[in-house]
Structures are given as C-alpha cells and as structure tokens.
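Below you will find the structure I want to go over with you.
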Amino acid sequence: MKNYIKEHIDAFREENKNRARLLINCPDQPGIVAAISQFLAEHNANILESNQYSTNPKGGEFFIRLEFEMPQLKEKIATLEEDFKEIKEKFNMKATFKYVDQIKKVAVFVSKEPHCLLELLWEWQSGDLMADISLVVSNHETSREYVESLGIPYYYIPANKDIRNEVEEQQIKLLKEHDIDVIVLARYMQILTPNFVEVFKNKIINIHHSFLPAFIGAKPYERAYNRGVKLIGATSHYVTNDLDEGPIIEQDISRVDHRDNAEVMKKIGQSVERSVLARAVKWHLEDRIIVYGNKTIVF
Amino acid sequence: MKNYIKEHIDAFREENKNRARLLINCPDQPGIVAAISQFLAEHNANILESNQYSTNPKGGEFFIRLEFEMPQLKEKIATLEEDFKEIKEKFNMKATFKYVDQIKKVAVFVSKEPHCLLELLWEWQSGDLMADISLVVSNHETSREYVESLGIPYYYIPANKDIRNEVEEQQIKLLKEHDIDVIVLARYMQILTPNFVEVFKNKIINIHHSFLPAFIGAKPYERAYNRGVKLIGATSHYVTNDLDEGPIIEQDISRVDHRDNAEVMKKIGQSVERSVLARAVKWHLEDRIIVYGNKTIVF
Amino acid sequence: MKNYIKEHIDAFREENKNRARLLINCPDQPGIVAAISQFLAEHNANILESNQYSTNPKGGEFFIRLEFEMPQLKEKIATLEEDFKEIKEKFNMKATFKYVDQIKKVAVFVSKEPHCLLELLWEWQSGDLMADISLVVSNHETSREYVESLGIPYYYIPANKDIRNEVEEQQIKLLKEHDIDVIVLARYMQILTPNFVEVFKNKIINIHHSFLPAFIGAKPYERAYNRGVKLIGATSHYVTNDLDEGPIIEQDISRVDHRDNAEVMKKIGQSVERSVLARAVKWHLEDRIIVYGNKTIVF
Amino acid sequence: MKNYIKEHIDAFREENKNRARLLINCPDQPGIVAAISQFLAEHNANILESNQYSTNPKGGEFFIRLEFEMPQLKEKIATLEEDFKEIKEKFNMKATFKYVDQIKKVAVFVSKEPHCLLELLWEWQSGDLMADISLVVSNHETSREYVESLGIPYYYIPANKDIRNEVEEQQIKLLKEHDIDVIVLARYMQILTPNFVEVFKNKIINIHHSFLPAFIGAKPYERAYNRGVKLIGATSHYVTNDLDEGPIIEQDISRVDHRDNAEVMKKIGQSVERSVLARAVKWHLEDRIIVYGNKTIVF
C-alpha cells in the first residue's frame, strides 16, 4: 500500500479509536431502546447516531444501529461485550459490536472490465473508502499494472466453469491467508459455487448490470436494448446461491432512448454500476447494513 | 365539455390551422432528407422542427418526424398527400401526415383508483393535454361525479373475466360511435381480448405499475416489497396481446427504502404512474411516437 | 368538509389516539438518549421511531424526534408533560409533545394559479395529507367553485400592496377565529408584512418557483430562461421577513433545454412546485421538521 | 501518449475519415433545410443525424447541426466549403464544417484537487473521450506522476493573482505552441484575465461547483451549507469575462440533508462536478454545442 494511503488510514484509526457501532435485531417489544441507551450511559458511552426500524411496532422485528464513543474503549471491549449479554438474552437479540478502528480487509475480484475496480480504488486513494484493500484477484491480467502501482498484490487466477472447484480452492486459501472480511465482485463475471458462498455468507457484494429483478443473468444490456426499455440500471446485492436473487443493497438507473444501442447502453450503464457498487461497499464498511431474510435494512 | 375547456381547444385549433406533422419510416439510403425537404419547400411549407434517426446509417431503418407550417393548409391537404406519393413510393416509405388542428378523440378507461384519470383530466383542464376527452368508461361508479362535473359522459360497464366478450362488444360499439382515436387505460385492471387489441392496434396506451420487464402481471408493489428492491417504477406502453410486453413509451422510477411497506410503495408509486402516463399520452397526442417492431422511437 | 374525507380523518384519529411525538433540541452531552428512553419506558410508552442528529457530537446542538405509543394516552397527557419537566430542565431542552390525533388546522392562501392548491386538495381527499383544511383565502375568485365543492369555506379578499395592512388585519382575524395552526402559501404572490409573519412564526410555508438562492424575488422562470440554465427548480421554505430567505424545507429540480422558453419552463416547473410543496406540508403536519437558526432538520 | 490510447484514436480516425459535421445558425426563413439537404445530396453526402431548432419559427434565429458521410471526403473538403458559400451568403449563415477525424487538441488546467482531471483522463483512456490531450497545466505538482504515467506532458506553472500577467503569457505561448483547440479548467481555481479569455473565446470550458446562478464566486459549498439548501449542484460553462456568468453547457445536482456539513457536501459535489464536466467536454468535442448570445444550444 502506498504511503499516503497508509497515512489516511492511520489518521482515521487514531481519530476513531474510541468509537464503536452496535447493530441489533430482535422481536419488537417495549423497553428495548431504554435498556440499550441505559446500558451505554452506564458504561460512559455517548451515542452519536442512532437509527431504528420495526417491521411492525406491534410484534414485528426490531432493528437498531447505534454509533457511540467511549473513553478508553480498547481496554473495555471485553467488559462491554460481556456486560451486554444480559440484555442480549433478555430481549433475544442478534447483536454485534463493531469497532471503527478495526478497518475491514477487502478482496476485490475483477474480470476484464476495470471500471468498477477503478472507482473503488479511486475512492480508496482519496480516503473516502476506509478499508484495507488487501488484494485483487482476476482471471485476466488487464488491471495488474495499475493495481500494483498502488502497492496492492494482484493475483492472476485463470477461471472458467470446468475448473471452478480447483480455482475456488485456491481463492479460498488466499482469502483465508489474508484474513479477508469482505469480497467485492467488481464485475467478476464468474459464477461462484454454493461452497464458496457458504464460506463467506453475507460477505460477498456483487454488482449486477440491471435493475433487478429485470434481466437476471447474462447480457442484460443486450436484453434491455431488445426490450426497448427507457431506463437502464444497476443493482448491488449480497451473493446467495440463487443467481442475482440475494438481498439488494442499492440500485440506481439512468435514462436511455431509442438512439442508444446495446453498446451505448453499456457505456451509460458503467457509470451507474460504478456509483451503485461504491455506495454499497461504503455502507457495508460503515456497518450500515443489516441483512434480514432476503432484504437489507440500510441505516 | 365545460366552456372554458372548449375555449382552450378552439384557440389551439385556430392557432394551428396551418400546421401539420409528417411521420416517416423507410429503409435508409442517401437523399431521403433532401427529397422530403425539397418537396416541402416546393409546396411552400416552412419546417419548424425535424428529428431523424437511423438504426444503422449503412442500411438500417430510417425514421423522421417533421413539423411544418403551410399557408392555406386546409385547402391543400388533398394535393399535398397526392403529390407526396411519388417520394413515398420511390423510397418505399411508411408515411403519415397529421394535421395539428384535428385534435384526437380520447376514451379513458378506469377502474376504482382514480389517480391516473385525475392527472389526465387536470392537465386537460389546464390546456396542457390537447385532446377531445370524449368519454370515460369504468367498471366502477367511483369517478362518475367528478367526470360528469367536467361535462364528460361517464359509462359504467361492469366487467369481469366471465363476461369479457359481451363487455368488449359493448365497449367497441361505444368507441366506434364516438369515433375514438386513442384509448387510455388509466389503471383499468382488466385484461383485453386479442380481438379488442386488434381493433385498436397501437391506439391503446396502458400504465403498468412497475419498471417493466420487472414484475410483469399482478400485484407488482407487493412483489417489489417482497423482493426488497430500492426503486419502484412505472411503465407506459402500447397494449399488445402479450401481457405487459407491448412497445414501451416511457418509464420512470422513485426511490424507496426498507421502511416502505407495500402500501407505502403503492402511494409513492401512484405519483410516478401519474406523471409517466401523462407524458406518454401527451407524446402520442403530439404524434411524437413511431412504433417499430416492439419498440418506440419517441421524437 | 365532505363526508368521505371526514371519515378518513375520524378513522385516522381513532387509530392514532394513543400515539405521540416528542421533538427536542438541546446542547449535546452524554446521557440524553438514555434519559429520554428511560423516561418513556417508565411511562409505559413504546418507541416506534426515533431519529437523532448532532451538529457536532462534541459540544454541538443535539436534535431528536421520537414517535411513541402509550396506552390511555389521553388521560395521561398532563402527567406526562409535567413529569418530563425535570429532564427538560436538566438538559436545558427545547421540547414539544405533539399528539397525533390532534390534527392540524390549515389555511391555504392562493392567488390565480391553482396547481399547488389542487395538489394539496387532491392529496387531502385521498387521505394522504392528514389535516383539517379549514379555509382557503384568495385574492381571486378562480378556485372558489372547486374548493366549495369539497365543503371548504372560500374567502375572497382582494389584496394589493396599497391595502396590505387592512387586508392582513382581516386575514389574521379570520385565521384566529378558525384557530389555524399552519398557513400554506400555495403560490399566493403577495408579500406579507413583518407583523403578519411575527404572529405566525415558523407556521407559514411558502413555495418559491426556483431553486433558491437562485432567482430570489419576482419572475424566476423568465430570469432562468434569460440566464440559459439547464435546470429549473422549486423551493419550499418557512416564511421570514427576508424575502425568500427563510429556512428551506425541501427543494427539487427538473431538467430543461434550449427548446424550452419561459412559458414552457413555467409549465414544467409547476409540476415540481406541486410535489415540493406537498412534501414540505406533509412533513410539517407529521411534525418531522425542527427549525434551528435559518435551517431545518427534517427527520 | 500511451500506445493503447494512440490505437483507440487511430482506429477512430480511420473509421470516421469520411464523416463531417455542419453547424449553422442564421435568421429563420422557409427553405433553409431544403437548401442544405439538397446541397448535401448533390455532393453525394448521406445525412446521418440532423437536429434543428428555432427561437421562433416566425422570424427568429434558426440553428441546425448535421452529421453526414461523404465518400473521399478528404479530397473534396476544399470544393465542399467553396460550393457551400452560395447558400451561406443567400441565407446569411454562420456556418462551420467540422471533420470528425480531426480530433481536437485539449489542454487541461488543474489546481490541487484532481477529481475532475482524473474523470477526464479515465474517459479518455477508455476511448470514450475522443481528443488529443496534449498537455496538463497546473499550479501544483500533485497530479504530475499520474499524468506523466499516461505519456502526457505536465507543466508546473505556479500562479497567483500578483503574477497573473506573466503566468498567462507563459501559458498562452505554450498553448499556441501545442496548437490547442480547447482549454478545460478542471477546477483550476485561478481567475483568467480578459486578454486570455479573448484569445480563446468560446474555447475555455470551466466547471463551477454550484448550480449557477446560485453561489457565484468563492466557497460555494460553505455558502450552500450556511444557507441550508437541500440540493447542491455543479455547472459547466464557457468562460467569459463575467465571473461564472458565461453560457451554461450542462448542470446537475445531488440531494443533501441536514446531516451533511460543508465537508461532506464537497465530497458529494465532487461526484456531480466530475460527471457534469465530462459531459460538457464530450459535447464540445463532438461539436454538439452552438453558442448564441449568452446561451448554448446543445444538439
């Protein structure tokens, strides 16, 4: 990693060393917010931001994300989590503490088209995507030069459907060695096996080049053109074993008209893909997303 | 029709009495534009607006829409069309002259939800939708009072799939009696038979409450909610016999998030439906649309 | 008021009889959320929604909006507010309880162009704008028929700058008699005196037909056209004594191009004005807005 | 220039060697389109695209842009332009022929913030911005490494208002040596003198970080934040001697809310600036823009 990027990251970590996030979901009932905020106040934490949502306030699922600051957080993590168990059990919560200075290790998978990778690297260089981009994996050599110029290791692993299992074995090994938290499929164009998806459940973010559920699968721009749509879009979602059916994180569209053939739509679409994927990855890195069933709550 | 609306229309017709539009498509080849504009110049017409498009300038399909003004147009219509036949044949054109002061007779079909009908009537009253809204047909009584208050006849024709043929027979009779040019399905919610569609080919405009081809068919908001999309949309298209598969005229979307349940999505979506349908109808009334295969060219 | 609208309102009030909102701002410090949520839990209230924001978590201003449900709310209002005083004083809060079933009394002021008034009335009829639209005041007779057809009193009060004081005296009297909570200037086109504005501070919502601060004052579409902008917009804001300088609630824009003259821009703009004003009024009615200095926090 | 970029450009030039554009404005009168298209047909040219517009069809200004293909164009350029003089004089036209394979020489001026420069270079590398980016001029060294890695000369010329004249003299010399057609101010942040602007009239494209005419001048994001706007924008325009008052080419906006301070607005805004400037430059390179008075017609 280049020095100036490392400096961005170090400054960010220092600035946020006492900052944490708490993500919770549980069956809704009176008293949850009071219990949590009481707990945080007793632990000397100041709530900086909080967002909540209930599928149905009368007996649905309750979701909350809190961001808080707590002096000497580092030394108190163990106590904090231990003390919270009582509330967690009482309300039957799924609860996770995230510590802001523990920035996530990211692997980017890319195929031949570099636009989504480039957008991520750019945001990253400017200090707008706070992550440790630990490696790039590709079945093409196209982006090696640029990736390595930023000090990021580039792994060329040829891939196709006949050697899927061997390829994934090699990839999983690599991802585990690097202790990767998030895998971003920045137009990787290869289908992953159920095994791979299982190993990294809710940790693989994909960008699909259509406004799902329209044009699931291959060649969405060609199909959009043939259908004569007036909008094209892009969708970022977590990968599950149902092709393009995973929980949607973000979508956006761009207007097209009869003059735009499939090739032009692809160009226009790349710009939407770039921004949709960058937003989705950012929200994931900031622990803004709770996956619930096949949907996301984005706080 | 209320007097002040009649006045709008009369003023518009007077103002545009010498104005016409020419819509053409034919195989592309050099010299088409020259031939047409030469012809119009010789006939003393001034071109006010012209738009052209080719699917492929080297041997594709050529499309053009011209709007022009010609002194004493009324008396010259017959000559004009007769004289144009030579060019039409030479270039193997599909060509139609439209005369702006011959405003189109529109029938609006509506079911229980009035929002799309209301938007059209509103635009119409303000003089922004230049048409003769000759009648409203509905399988509910809901909108009678308001429609009749504007001086538009309201026909209540109960409809369901068991009596489809009898109902359509009655409707077709009514539409023919009123010499209707365009049928707008403003959330009519009944499927039309192939016979009905054939009689009014490329003259029936529907609004579907999703960004097609996502959520074809019934209950798109429920399905959008269940899928967890972040955008909902609406699509206006010409009706063909493939459900929700006709040529798309216009689409738009609105952003939603996890807080929006199917009911809220429906409310948000109604606003998109209103504006998408109104734009599509307006373009049709202004002869801006050429249908080609399963697509539209909107000039 | 027509019966079916009254029924909407009655149903809404019954459904929300135990629901309240609490809007607070105060200097930020640790423990605020805990204190509030503890208080509500002790009073047997279930928090349904909560949103908070700090200008600066280390010593800025803190804002929160909570929506909660509390059994037998009606009988407990006095106790609730009394009991809250301790917290209010401790944290030096500006705090207001709002009771959802006490729907707000609204007066709409309109001049000749009815589009913004119509949008509000439409939303209101469909049950999407929960208010008691008690009267319409206008310096023109244009909209009388439609307004009265909905059972709303229509007051024609001619106005111009020479008789401003007398006119406003008459208007204030009327507004007080009707115990009006909110005044919506739906393109009223008359400047209000400082006295009038003072009497209804942060209770007058205006729609200005430009994206402020561009084109403050008169004839924004003409000026937008002359400047050759590619976007036109609308701004809804609370009225203060600085013309078009009050706290902005909502803004939106629409794309225009060189073909659109000032007249066309006005037509396009009306659609933006309608939706921007409707959103702003809705947020005000739902107590989603806190005014702080010359800005709004919209939760 | 890197080899793969040179290859893009060479392929484009070869493909478009017979393609030209004709941009015209003149007082409107009947027969203009006929005369032009007749002329082109006689010269064996096939019109691929044509767009026209009149400020007022009855005696306003007429504008047209045609794109056409003509066998052996290169050898016929002199004849073509000579032959057209007759029509040009007859209709009192301002008319320019542009030859698509003569790609424009561009100089990019940049200060410390590289985002707009990077967007342009990116589009350029992908073959989406067809230009010869001949040099980058900057008053900072920040972007040297990246620019030179693409094979583009980088000129560091310190600048401030005290040495404006000397600096501009040096810049003009450089621009003339390189025979520059277009100067893009990609957030250059220095005011140019009337002399400089005169030398490159309608050839300097600037990006301003607000939706003009709001927030003319310095620090627009700070001022937008202080005003409490709900939208921020960017404007690309030709530079004239009235600060931020030149003909607007393109504008766009992004939504912000109370949580976004000036720093965040700046980040959000950079993304709008990037795309607005890239679109404006592209349209200029494609000869899509006619400047008329203080406005642009963008075809």
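Letters A, B, C and D name the chains as they come in the text, with residue numbers starting at 1 for each one.
Rule of thumb we're sticking to: a residue touches a chain if its C-beta (ideal position, glycine included) is under 8 Å from a C-beta of that chain, and two chains touch if they have at least 3 such contacts.
In UniProt terms the chains read A, B, C, D = Formyltetrahydrofolate deformylase.
As the structure is a prediction and not an experimental result, all values here were calculated from the model.
K.L.:
Touching subunit B and subunit D alike: which chains?
P.N.:
Joint contacts, listed by label: A, C.
K.L.:
Computing the C-alpha centre of each chain, which chain sits at the greatest distance from subunit D?
P.N.:
Ranked by distance of C-alpha centres from subunit D, the top chain is C.
K.L.:
Between subunit A and subunit B, what is the separation of their C-alpha centroids in Å?
P.N.:
Computed from C-alpha means, the inter-chain centre distance equals 43 Å.
K.L.:
Could you state the distance in Å from the CA-based centre of subunit A to that of subunit D?
P.N.:
Whole-Å distance between the two chain centres: 37.
K.L.:
If I count partner chains per residue in subunit C, which residues reach a count of at least 2?
P.N.:
53
K.L.:
Show me the residue ranges of subunit D that touch subunit A in the complex, using the header's touch definition.
P.N.:
Residues in contact with subunit A: 115, 118, 122, 126, 128, 149, 267, 271, 275.
K.L.:
Hey, which residues of subunit C end up touching subunit A in the complex?
P.N.:
The contact residues of subunit C facing subunit A are 29-38, 40-41, 44-54, 57, 69.
K.L.:
Taking the touch rule as given, give the residues of subunit A at its contact with subunit B in the complex, in rising order.
P.N.:
53, 211-215, 227-231, 233, 247-253, 257-259, 294-298
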